[in-house]
């Protein structure tokens, strides 16, 4: 019997190694796998390359990982936020390398990695600083930049429900990068609010098929923040 | 109020023109939009380029369109089937041009068109007849072929349910090319078994967001063939 | 001279968004356009973090941390809206499926180059988000901005001096003083506020400006 | 000499598919492997027309025309299976997510080239389907075929003469007479049926054949 669920979140991250590349889902705090990141912080691995839309905000999630000094490089589209002070400080101190990628190129490059493409000509960034030195081509009168896939050793993502085969469904805009990161990483860890019995997820509505997910960890749903309504 | 539903299937196809490129969903007969194709046949337009996985089988769907002499070119992965006699005859008579595309390249090129990519380096077909004359490149030690997007003037697809904004859900393996063709065509026509009120489709389970669909036509669900069980 | 305030600018942009349009409103000032879309017009707002059919802000106490817009503010979803992942969301944007995108800008050139992501200041931490994708993807990319900086310099320029977001992508600029159509021939004034002349605008911007055939008061 | 029949070949392949493997079984002979997968082993069958967790054929009268496999035969879906569109399906195949793909072949070369889509006959209508994607995408591409044609010619060859499906993609070939591992060094015999020698196989195939270190009877 195949059971991808892990009762122990520490065991789920136990093989993440020094120097690993790690995709982390989430857009802002929506879909940020805080508990998996906390478990990763509890392990003493560093020199990590983080691929995520943001470079952390506030004190939890990617920000906590950066604060703990475990990150040597960030590949993201939007590092600078009003509360990205942990990234800002490490970056200004020269302790973190930044590869800035337009958000659509980030999504497309992650998807390309999952789909096995060698490279893609993308329309975004042509003629800008972020395409400097990159190969370009005019196709049918439109200009494109050649971009390469972004894969990773691990992906840490957050979904709503999962089953023991790794099938996942998400909640609202917390879906964001989860499905494509799951496809692009060698090993994908999903934290979910609930592990449901096999067959409980309608096969028509599974968003991430289990083939893309290696480990599923149930975490208690966070208590709704004061003043917030439902947060399933 | 935006209402993409068409009560008259003939009106839905009324602007399809001579020489148009038309994507047609379906894998075998699953997901084949027979009623839309019948409506198209009833119009007297020809010289059509059809993009579909197969080149028709039996007497209905794409096969009927070919039989009626409306098709001058087929872009597909698998034209030859035991009952593809209408295509076979026209092809052997030199009346239909065939562009044979590996199925994964077909899917990826359609998806690339919908996503606005200029071209993609794909792993499939390298070193084969189907890549002859195409640009190739070795990336990270692996060989790829440069392939260009495939878009179309129209897509005719079959879904299970739709709403007046064009949101769609599908049935089982009848989903196949529908979602990506909807994204790649300038005008997408979806036939559905049922048009449901706005909001009746769970926003988490919509497979094709309405932005990709311009027209929705309800057709009576076909009576289940003798000896077949449920066919929603 | 009736310089438009920010609400009036947002209302002016909203007027040009037809029923049925698929629209992305950029972070900041463009977000306000939503407040001025008439309730009897069905318009589809997309947010690049994965939703289409975005509704207004939730009532206090009804916020859901997993239902936010690209500016990370709590929003709602209309009946008929839906969610999707980031690659599909940017396929909408980059694949030409959005009818209109409204963006803020540091500078826009008269031939439509856009600079809105980076001041280029040494030491500034760059952040681009979806700006470059939005700039080049929509059928019509519109900019709304005040025409002049606080120091009185024109943000409509012959050549952008800030790092570019996209080339020749902006079709129209809505400002507090005038509306401009842009193109290979340069900027044409479509509308001006009362009491302003083309000469005034040319002086303020330092640009040769033509008047569109159908130019009128805002 | 106990030449394997087709059921025995399918059973032999099935033995090598471990629990938890994600597997695509090609149209034709490979489809039969499913019948020999032990019921106590959870193995995930993928079909490129958009399903994962494929179950056995439905009972007569229970066929659903919208639930078919890549060979267009009616199938079922296991609890825990799911549906997806064609681009995601081929991402599974081409992105290296499948552990094993089992294909039929016209010819396989000793260094792993595969020819299984086209006889190259003039006048034949070519059809490729997903063959080229399957050949190059899975972590392990396996072939099952009879070693000799009806005319007695070896289908394991030094160089394929039929048009290629993929280059250097086949790792192992299961035949009715022997199992071969392929690679840059050529073919090595992993198993033979009782009563056959390496010399017999070399004579039948016309190939220099090495015996794998762990070679044994099938």
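So that you can tell them apart, the chains are marked A, B, C and D in the order they are listed, and the count of residues begins at 1 in each.
As a convention for this text, a contact is a pair of C-beta atoms (placed from the backbone, for glycine too) under 8 Å apart; a residue touches a chain by one contact, two chains touch by 3 or more.
Just so it is clear, the structure is predicted and the values come from calculations on it, not from any experiment.
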Result of counting contacting C-beta pairs for B-C and B-D, higher pair: B-D
Distance from chain D to chain B - Cα centre to Cα centre, in angstrom: 29
Distance between chain centroids, defined by C-alpha means - chain C, chain D (Å): 55
Whole-Å gap between the CA centroids of chain A and chain D: 35
Residue list for chain A, restricted to those that touch at least two other chains: 108, 111, 115-117, 122-123, 170-172, 203-204
Touching two or more other chains - residue numbers and ranges from chain C: 51, 77, 83-84, 87, 90, 94, 137
Contact pairs between chains, per stated definition: A-B, A-C, A-D, B-C, B-D
Chain A - residues contacting chain C, complex: 27-31, 53, 77-81, 88, 91-92, 98, 100-105, 107-108, 110-111, 122-130, 143, 170-180, 207, 225, 227-232
Parts of chain B lying in touch with chain A, wherever the complex brings them together: 108, 112, 115-123, 137, 139-140, 142, 144, 148, 169-172, 202-205
Residue numbers on chain A that touch chain D, as the complex places them: 1-2, 111, 113-117, 163-165, 167, 183, 198-199, 201, 203-204, 206, 209-212
Touching residues on chain D, where the partner in the complex is chain A: 19-20, 22, 42, 44, 46, 51-53, 77, 79-84, 87-88, 90-92, 94-98, 137
Residue ranges of chain C touching chain A (in the complex, touch as defined): 47-51, 58, 60-68, 72, 77, 83-87, 89-90, 93-94, 118, 123, 125-133, 136-137, 163-167
